[in-house]
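Across the two complexes that follow, chain A remains constant while its partner is chain B and subsequently chain C.
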Partner chain A sequence: MEAKKPQLRKERIDRGIKVRADDIFALNSWREVIYLVGPRAIPVVGLLVLGPFLSAYSREILISTASYALLAISWDYMMMAGLASLGQSLLFGIGAYFTGILNHYFHLPWFITIPIATLTGSAFVSLLLTPVLRLRGVYFSMITLVLPLMFMRLIEATRILGGTEGLTGLDSFPNEWVSYYLIMFALLLALFGFRRLGDSDYGLIIRAIKDDDRSVMNAGLNVYWYKAQALFLGGCVGCFVGAFSTHYDMFCGMPGFALDYSIMPIACTLLGGMGSFAGALIGAFILVPLAEVLRAFGALRIVFYGGFLAFSIVALPEGLFHYLSRKYHQIERWVEVR
Partner chain B sequence: MGILIYGFINSAILALLAMGFNLTFGISGVANFAYGAIYVFTGFLVWILINSFALGYWISVLISLCLAFLVGVFIFYAVIRRIKGMALSEVIATFGVGIAGMELFRYFGFIGSKYGLPPIFGGNVSIGHVTVDLQRIMIGVMAVLLTLFVYLFTRHTKIGLAFRAIAQDERTALTFGINSDKTVALSMGFGSALGAASAILILPLGNITVEGGYDVLLNALAVCIVGGLGSSVGIMVASGLIGYAQTATAFFLETHWMMLVSLIAIAMILTVKPSGLFSQQKELEERV
Partner chain C sequence: MKDPLLVVKGLTKSFGGVLAVSSVSLTVREGELVGIIGPNGSGKTTLVNLITGFVKPTSGKVYFRGTEITGLPPYKIVNLGISRTFQMVRPFYHLPAFKNLVVPLCSPRVREAAGGGYGDRDAVALDLLEEVGFERDSFVAYKVASSLPQGYLKRLELAKAMALRPDLFILDELFSGLSLAEVASVVPVIERLKDQGKTILMVEHRLKELFKIADRVIVLNFGEKIAEGPPGVVMENPNVKAAYLGGE
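Here is the complex of A and B:
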């Protein structure tokens, strides 16, 4: 008789350091402290310390990576509340134009324009999208896809705000370290802030809205009010990036509503894994430098993003971050099935 | 008089654009965001077949329609079948496919005014004091004929009845031996073929551009949202409303403002009646 091939299954065991939830740990030694702090220290140390050692060109790429990472985090947060936006460029463009207007017509300095544009821009977008918040899923996506393109048309048609030329000659940052550390601190704040928020009770409500909004209604919570808050918070991050880039490039114009700013963040988040924010960061740090390499290919870049979007949603539904964190937190071994 | 005639033609154009998108969505619930890409793809394909392969007009049209159908079916089997039921994933994936398809044409240098399709019939006719070219008349006629065709097809053929069954209740349809995957794939194919047909009819009026693909998607979305997704009557009424409004805007203001009409229409309909004018979707279940 042929010997029966033993059937195996993969067993996953949490490491002993984990007590019960994803965010509660029992620490007994320095080794375990390092185990916990290590992964979190990588982005902090990496982003803050690396800057001065890089060439000006790499620093520029790092800044653009951080911008996309912020947009990706804002997309991820809105997605957490079930708001699938296909138009992060709306946030970017509005933030950029608000900053441009404040700087160009009122001559306000950057440390005033950026906070104002971030808050008012996000409030403006939230108000604009309020009627759509009642719509779920696909419908929200459709509207957010349409709006930035419509804004482009509006500016083209009315020739307001510089028309197709945009607003040029805006103030730049006093020196490059201000811009570098501003965006890096914003990125770290958004990353850890949103991760913290996601684990809190408030974050639980936000996530529940995506999973089952009717049960949240049953709990006596106003779903639309929470969605509006999620939109505003995510919008703040998006508008901040727009405002930052306006001063960084000393320009704001119709490219602010370009498709690039909508697709890239989604591609980053999907590659890195949704719902973790760290995934958005990892995705951005893979895709943006890659896109920089692909810049030589011109329009093929967008073909690449688009194809990547479809590929990652079909083939990598989990995302890199979730895969890595599972490998990090769990011991895996094959055991025989008896 | 001019507004009446051109408004009707504009409405016919919008109805043609929205028809394919609406067919797919109405049957399978798949919002095919690659729709604009298929429109552009057909335009360039016909151009290539006529100018590079020196094929006859009608043969090129036939081949393009078949290929557009196959592309639709292919997108279903390659992408959508694996993520069916997750509406957001479907949207993002088809959007990605669409962008990749459209920008590929840009990369290969399909830009410029030399890319235009020949009209089916050249020449002009006068209706009253207004001169209209025959292609525009054709669009009006074909819009009516295609609407009629879709109506009859979905009511009097086996595939059409399967479409409606899947649209009404997928599980019950399954118990009657209707293969839901196959039917949805066919609906994607038919939707794409309708989009291709509209491209062949409408593109002779201007140039084939990659940006045109985005405009097509926007127009189709606007009509579908105003009319109510999945409703054929809604499509006709909404394209009539938006079409006349656009023509009047172009007539009294400027052509630049035409696209804004759709935005305002969308915004108004969403605040007043989010499910659209004639929606067949249950308002509470599907949208709110």
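Here is the complex of A and C:
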């Protein structure tokens, strides 16, 4: 008779050091310090230190990558509250046009236009979407998909705000480093800020809304107010990117409402892993440079790009970040089943 | 006689042509445990939804502590002191069991009761779960809600209602889907709530268990109140017998 093959199963053991002391980190050694700080240091050091060592062209790509990463983080946060937005371009476009108006008609400098456009732009979008906050899932998505297209055609048809030409000749940043460090600091702030928020009790309510909003209501909390807050906070990030790009490109126009700004962030977040914000960042740092590299293939670019995206989402549905963090935090080994 | 806590007057709800609840009036006094029974589709859950604001009534009024609460949104009613459970459990499936309780613990009502302070919500949540029978040593309180069996989810629903420290509990078929042993473990929790002076309105299908603890029972059939009284007396009522066993 054939010898029976031993059955194996994968055993996973937490490497966590958090378990030992609940919320207080009791660090025993430099190894543990590095274990804890290491992954967090990668984006900080990478983004802040790398800049000066790169060519002007690579820096430009890095800035565009950071922009998409911010849009993706904004999408991820809204998704956390169950707001499946298909309209990140609405945020981008509103932020861009608000900045353009403030700079073109009122001649305000960038350090005033950007904060104002970020806050008022997001407040404007939140008010605009207040009536549809009751909608869930696909219904909310449809509204957010349609709105930027409506704004685009409105500008085209009425020829306001420069019409199809857009507003050109806007002020640029005083120098390259201001723009570079502005967006990098914003990215790090959004990344660590939202991660911290997501772990707090406030973040818990936001995540609970996605699970079951009626149950949150039954917990004595005004769901619509929390949803509006989530929309505003996520909107601020999106509008900031639009405002930043306006000064960076010295231009704002109808392309600000383009579908690219809606779809790319979603693709980035799905590739990187939803609900972690770090996943959104990782996704953007893969997909945006990849699009740049594939430019050499001309029209076939989209084919390769789509293929890569489809493959990675099928092969790793949980997302890159969740996969990596599991590998990082757990020891895996095969053991015999007895 | 104690003061009436909840007064319902002529509450009616029609969905299109269907009269789900038809002119129901009832009074629940402080400290009472009142059961609502009736065959399937008799409007019990709709009545709960009407009282708690999840469904707006076609006509009729609801008063809580003498103030009208008809048509208020559910979260305002909760903060006034009425807390309900859902018949079909509605946990936050992606959160660990004890984090499910942190959400109600964030409500304005609890914050006020705690004197504006935040306190350690996780610790309060774990205590509450232990009270409804989540064994503290078994780590079951730390498991994601989607991995819990029905019995635990039902008790989690009860704990979520308890977290809000309401004056009036409305329990919508808490016992359904529980094994006999599980019911036996939940009954003492309800009795303890009653001893603390809480008022409880229970919609229930499991009459045997209900009759042991209820002070008074209200019977619904086709959206109408057909009988009311102490458990033993109500079941002798010919209308109730007809509703449950079929008329002539």
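Everything that follows uses one rule, which is that the second predicted complex is superposed on the first by the 308 of 338 C-alpha atoms of A that agree within 3 Å, B and C clash if a C-alpha of one lies under 4 Å from a C-alpha of the other, contacts with A are read in each partner's own complex, and residues count from 1 in each chain.
Note that a residue touches a chain if its C-beta (ideal position, glycine included) is under 8 Å from a C-beta of that chain, and two chains touch if they have at least 3 such contacts.
This is a predicted model, so every value here is computed, not measured.
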Inset, instruction - Check whether A:I205 is in contact with chain B, with chain C, with both or with neither, and answer first, second, both or neither. - result: second
Larger residue footprint on chain A, choosing between chain B and chain C, goes to B
Q.
With both complexes overlaid on chain A, does A:R134 touch chain B (first), chain C (second), both or neither?
A. first
>> Which partner chains sit in contact with A:F308 here, chain B, chain C, both or neither? Use first/second/both/neither.
In response: first
Is A:L108 contacted by the first partner chain B, the second partner chain C, both or neither?
neither
Between chain B (first) and chain C (second), which does A:G220 come into contact with in this model arrangement: first, second, both, or neither?
second
Worksheet item: Which partner does A:I61 contact after superposing on A: first (chain B), second (chain C), both, neither?
Response: neither
*Once the structures are superposed on A, label A:M250 by its partner contacts, choosing first (chain B), second (chain C), both or neither.*
neither
Interface residues of chain A shared by chain B and chain C, listed none
Chain A contacts chain C in the complex at 201-202, 204-205, 207-208, 210-212, 214-223
Residue set of chain C touching chain A in the complex reads 52, 54, 73-75, 78-79, 83-84, 86, 90-95, 99-100, 102-104, 106-110, 118, 121, 160, 163-164
Within the complex, chain A is touched by chain B residues 31, 33, 79, 82-83, 87-101, 103-104, 106-107, 214, 217-218, 221-222, 225, 254, 256-257, 259-260, 262-263, 266-267, 270-271, 274, 286-288
Given the complex, residues on chain A that touch chain B span 79, 84, 86, 131-132, 134-139, 141-143, 145-147, 149-150, 153-154, 156-157, 259, 263, 266-267, 270, 297-300, 302-311, 313-314, 317
